[in-house]
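Shared chain: subunit A. Partners: subunit B in the first complex, subunit C in the second.
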Partner chain A sequence: MFEDRGFQRVVATLGWTAMAVLVFPVILTIVVSFSGSQFIEFPPKSFSMDWYANIAKINKIGEATLLSLLVASLTGIFTVAMAIPAALAIARHAFPAKAMIVAFLLSPVAVPMIAIGIAILQFFVWTGLPFNWITLLVGHVVLTSAYPVRTIVASLTLSNPSLEEAAASLGASRWTVFRTVTLPQLTPGLISGFLFAFLISFDNYPISIFLVRSGVTTMPIEVFNYISQQLDPTPAAFSTIYIVIVSAIIVLVERRFGVISLSVRG
Partner chain B sequence: MTDAGAASGVTLPVRRRSGGRSRRWLLIACMLGPLLGFMVVFYAVPFAYLAQESFQSWDGEDEPKAEPTFDYYKKTFQSSRTSRALTRTFRISLVSTLIALVICYPVALLLIRAGPRLRSGMLLVIFISLAASLIVRNYGWLVVLADQGPLNALLVGLGFTSRGLRMVYSEGATIVALVHYVMPFMILPIYGALLRIPDSYSEASISLGAGPWTTLRKVVFPLSMPGVFGGTILSFAICMSAFVTPLMLGSPATAMMSQVAAEQLLVQQNFPWGSAIVTILTLATFAVVFAYGWVIRRVMKADV
Partner chain C sequence: MAQVELEDVSFALGATEILRNVSLTIGEGECLALLGPSGCGKTTTLRCIAGFVVPTHGNVRIGGESVVNLRPNQRNVGLVFQDYALFPHMSVRQNIAYGLERRKVGRAELAKRVGEMVAITHLDGLEDRRPDQLSGGQRQRVALARALVIEPDVLLLDEPLGALDRLLREEMQVELKRIQRDLGITTVFVTHDQEEALSLSDRIAVMFDGRIVETGSPEQLYHAPQQRGVMSFLGTSNIWQATVEAADGPYLQLSSGDIRVRVAAETRLAAGATAQVGIRPEHIRISAEPPEDAVNIVSGRIETTVYKGAHVEVYVGTAAGIEFLARQPAVSTEGGGLRSGDPVYLSFEPGNVLLFPSES
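Right, the complex of A and B next:
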C-alpha cells in the first residue's frame, strides 16, 4: 500500500511530525542549558556554561543522586533475582491459578503509582516498621518487579526448551542445565528487565514522595523542588547530563544485547 | 540419570521426572515463592489495609471511630473539587490517549516501512525518550510552552498574536505533556503487532483492487488490534494515574485525581479520605480497562 504516492506522503508527514514532537523538548532542553539568560528563552541570545556549575546549588543534589543510584541498583538486582525463578516457573511449568497469579504479579503496572506509595506508607505506619531508605527500596521493588518478569518470560518463550531437555538427558544436573543452557538464553530479558527496573526506580517521584522521611531524599524529589522554586535553566543543564548518560547506556546495551527488539516482541 | 525412558532404551529426550508430584509442586513453590511472597506482604496486604482504611471515619482526632462507613466515598462524589477532578481525569486521559493513537499509528507504519538502519535509529530515539526522566521531559515542555519560549516566538513571528499566549499551567499543557509521555508506550506495541502481519495480506488486498486507505482500514488496522489495544490500555492507565505531569504543567484549578488524593494525605493528613480517593481511582481505571477489553472482544470481535 506504500506504492501509492498520496498515501505514502500522508503517512510520512504525520509520522515525521510525531517523531519531531517526540525529540523537540529534548533538543530544546539541551539548547537552553547553554543559554546565558537568567530565564528560559529561545532562541538564546548569549552562550554560557554557568548552569552546569550551578547544578551543585540544587539542594543536596550529590547525596540525593547517590541514594537514588543505590536504591535503583538494588531495586534492579532484587527484582531480577526474584523474577528469574518466578519467570522460569511461569514459562516452563503449569500450576493451579496460574493466570490469576500472573495477572497479580503484572498488575502494579496498571495501578496508580501514588496508590502504591500511599498503601506502603500506611502499611509501614500500621506495622510500626521504621522509615529509612529500605522503605524506599521496598516501594520501588513493588513498582518495578513486573517489568523483569515480563521481559524474562518473553526471553524464555522465544528460547527453545528442548535444548534444556537435551542437556538434562545427556546427564547434566539441574543446576548445570540452568547455568550453561537456560541462563545464556534469558540474558537479553534479564538485562532489559534490570534496565527497566533501574530507570523506573531512578526516576520515580510519586512513590518516593510518600516514603521519604527525616532527611532521606532522592534525585527526582530535589530536582522537582528546584524546578518549582526557580525558573533559571539549571534543571536544563542537569537534564542534558541525564539524557547524555542514559542515551549512552541504551546505545551500549542495545549493541550488546539487542534489548529493543526484545521489548517490541515481549 | 535415573530416567526410566533412557533406561529402557528410548533415545528421545524425555522430560525428566526426578521426583513425584509433590516434589514438583515444591520446586514450583520455591521458584515462585520469593517474588509472590514479597508481593503479597508488601503489595496485596497494604492494598487490603488501604481499602479498609477508606471505610473509617475521621474527625480530625488521632483515633478513628470503629464503625465502618461509606462517608468518604459519598464525600468524594459530592465535593465539587474531587468530583470535578474525577471527570477531569477521565477527560484528560481519554483525549490524551486518542491523540497519542492518532499520531503514533503513522510512526509505527513508518517503522515497518523503514530500512534497517533508519528503523534502528528511530527505535533508539523512541527508547531514549522512554528512558529520559519524566521530570526532565516535563521540564522540556515548560521550556517549549513558556511565555518567552519558542512556540510563542513562532506564533508572534507568524503574526497569529501580538504578544505571547499563556500556555503553561493549564489543562492543555498537561495533555500535551501526557501525550508526549505515552507516545513510546503507544508506538512500540503497535509496531510489534504490525511486524506480525505478513506483507502478502496488504499486497493481496491491493492487487484485488482495494485502495491504500481501504487496505489500511479493512486489513491492516483490524489485524493490528492487539497492539492498538495494548498501547491504548497502557496509555490510558498511565494518564489516569498521572501525578507529576499535572503537578508541573497544570495548576491547582486543573488538578487530577492523584493530586487531590495527595492533598488529603500529605497536606490535610486525612488518611481515610485520601484512601477512598485512590481506591476510587484504582477501581475506575480497572473498570475502564475491563469494559474496554470486553467491548473490543465481544462487540468488535477482535482477538486481543
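Right, the complex of A and C next:
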C-alpha cells in the first residue's frame, strides 16, 4: 500500500499543504515588513525600510528585549541543569512509580499555558513574594522543564551504555565516566533542550502576562501592546529580524549536532 | 599478566540462576575460550571477571588477589566489547590513550605507549580518524589497542569476531592470535562459534546452562569429549543409542537394531546397559563393497549428498532407522561417483568411536 503511486501522491500533497500553511504566515510577515503602507496590506504596493527604523518606537523595546534574553537564557540553563539528573534516572534506572513520575515531569507540555499561568500566579500571591523578574524566571522554568527532559532522554536512549562500561573498565571513576563519556554523548540533547526552553521562554506571552508587574516587562508583552494600539507593520519588521536570527541559530545548530532529528525521534 | 581464578562462583537474578558453581583457573599467558550456546552464562562469567557482575556466591581472584570487592575501574582488566564500544567523540589516538590518562601516565610515556600499540595493531596513519571513519576490522583493532595499552592483568574479549564478515573474521583470527602470543597476555574470550574457539584458544571451557561441563584443549574436546553434549556442540557428529552386548577382546560390542559396533573403550560396561555411541563424520569411510579389513561395518543407502567444495557430505540411511553423516574428500568427477539411492558400506575404526555411558 505504501508503494502505491496514488497513495504517495496523496501523502506528498498533504505534506506540501502543511508546509505551505506553516511557512505562509512567516513569508507574509517578512513581505509586509518591507511595505510602504501605513497599514498591513498584502501584497504591498510600495517598498520601504521605514518600519525597521520605527522599531525603536515600540515602548521600552530595548529594555524588554534584554530582559527577555536574560530570562530565556537563564530558563534554558536552569531547565537543562535540572533535566540532566531526571533524564539519567528515567533512561537508565527503574524506580517505583516511574511511569507516574515521567508523566508528571512531561505534564507542562499537555496542560494549557493559561492554566499554568494562573496556577503560578496564585502560588506567588499565596507565598506573598514580590513580583519581579525572578518570579518570571521561575514561571518560565516550570513551563519549559519538560522539553529538555525529553530531548536528553532521547540522547541517552540513542547512546550505547557499553561506552560507559568500557570507560569504567579502563579505569575511570563514575564521575570521570560521566564527564568524559556520558556528557559528550548528551550534547545534542542538551543543545536542543536548551533551544526549546530558550525559544519558548523568549516569546512567551500567556504566562508572562500573569507574572509581570509595573517596571518589569518582556519583549512579547510590549510587541502585543504595540499591536493592540497601532496597525502599522513595525511589529512585522521586528518579527522579521527575530525570524532571521532564530533561523540562523537553528540551521547552525542542526548542521553541527543534528538536533532536529533528535527532537522528532524523542 | 596474571593467573585468573574463579572459585565456586554463582550468580542469580531473583530466582533465575545464571551461574551455578563455576570454578575455573586460567593460567598465566593462557588463552581460554568460554564456549556455549547463547544464554549459557558465558558473558556473565566474563562480566564477573571484569567486575560488572558481582557474584552472589564465590570468589574471583586475579594474580592471587581477591577482586570481588573491587569496582571495574579498580581492577586492571582490558575488555573488548562485542560492538567495540569505541568513544564516538574521540579520535583513534584519544580512544587508545583514554586508559593511560586515567592512570595519570606522563605525556611522553603516553605518546610512546600509544605509538607502540598503534604499531602492534597496524593502525598507523589512522590515529586522527574518528571511529565512524573506520572499517569494521579497524574498529576492532582500535578496541583491542585501547584494552591492551593499559597492560592489563587479563584481556577479556566478548564475541570478539562476531560483528565481522567471514573473510575479515578469518584474517582477524590470525591477527588476534599473533598479538595474544606476542604479548603473552592471559586472555579469556567468549564465543558461541565453535570454530573460533577451536582455532583461537589454548583451552576451551564448554558451558551449558550456567555450568562449566567440560574443559580441555581444543584437540581433547574435539577428539575425546567426555560428554555427549560437548561432542554434539563441537563440530558435527553421529550419535546414537545402543545396548552393550559383550566384551570382545580389547573391544566392547554394542548393538542398535542390526547395527553392531565395536568400541575400544576403557570403561567396562555390563551387558544390557545402554550407552550413547558417537562417531565424527570425517572418520567414516564409504565404499561400494564391504571392506575386508574393517572392524565396524554398517550397510545403508545414500539419501543425499551435499557438495561443500573441499569435501562432500553424504547422508546415509540404514535399516535400523539411524541416519549417518559421512564426510568424504571431494573428487573432481561430478558427484564423486556417489549417487542418491546407491547401496554403500560405511566403515570406521574402533578407536574413533566414542562411548558415553547411559544418559549423559
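The rule is simple: the second predicted complex is superposed on the first by the 252 of 266 C-alpha atoms of A that agree within 3 Å, B and C clash if a C-alpha of one lies under 4 Å from a C-alpha of the other, contacts with A are read in each partner's own complex, and residues count from 1 in each chain.
Here, contacts are C-beta pairs under 8 Å (C-beta built on N, C-alpha and C of every residue); 3 or more make two chains touch, one makes a residue touch a chain.
Treat the numbers as computed from the prediction; the structure is a model and nothing was measured.
By the touch criterion defined above, A:I245 reaches neither subunit B nor subunit C.
In the overlay built on the shared chain, the residue A:S169 is in contact with subunit B and with subunit C. Within the superposed three-chain arrangement, the count of touched residues of subunit A is higher for B, of the candidates subunit B and subunit C. Of the two partner chains, neither subunit B nor subunit C is touched by A:A103.
Legend: residue contacts after superposition of the two complexes on their common chain; A:T29 is shown touching subunit B, with no touch to subunit C.
Look at A:A20: by the touch rule set out above, it reaches neither subunit B nor subunit C. Of the two partner chains, subunit B is the only one touched by A:F39; subunit C is not. Once the two complexes are overlaid on the shared chain, A:A236 sits against subunit B while remaining clear of subunit C. Within subunit A, the residues touching subunit B in one complex and subunit C in the other are 162, 165-166, 168-169, 171. Subunit C makes touch with subunit A in their complex at residues 50-52, 71-73, 75-79, 81, 83, 85-89, 98-99, 102-103, 146-147, 150. Against subunit C, the residues of subunit A that register as touching in their complex are 160, 162-163, 165-173, 176, 180-181, 184-185.
Considering their complex, residues 1, 3, 6, 13-16, 18, 24-25, 28, 30-32, 34-36, 38-39, 42-47, 49-50, 53, 103-104, 106-107, 109-110, 113, 120, 122-129, 131-137, 139-144, 146, 148-150, 153, 180, 183-184, 188, 191-192, 195, 202, 205-206, 211-213, 215-216, 220, 233-234, 237, 240-241, 243-244, 248, 257-258, 261-262, 265-266, 271, 274-275, 278-279, 281-282, 285-286, 289 of subunit B touch subunit A. Against subunit B, the residues of subunit A that register as touching in their complex are 1-4, 6-7, 10-12, 14-19, 21-26, 28-29, 32, 39-43, 81-83, 85-86, 88-90, 93, 95, 101, 104-105, 108-116, 118-123, 126, 138, 141-142, 145, 149, 162, 165-166, 168-169, 171, 174, 195, 199, 202-203, 205-206, 209-210, 220, 223-224, 227-228, 235-236, 238-239, 242-243, 246-247, 250-251, 254, 260, 263-265.
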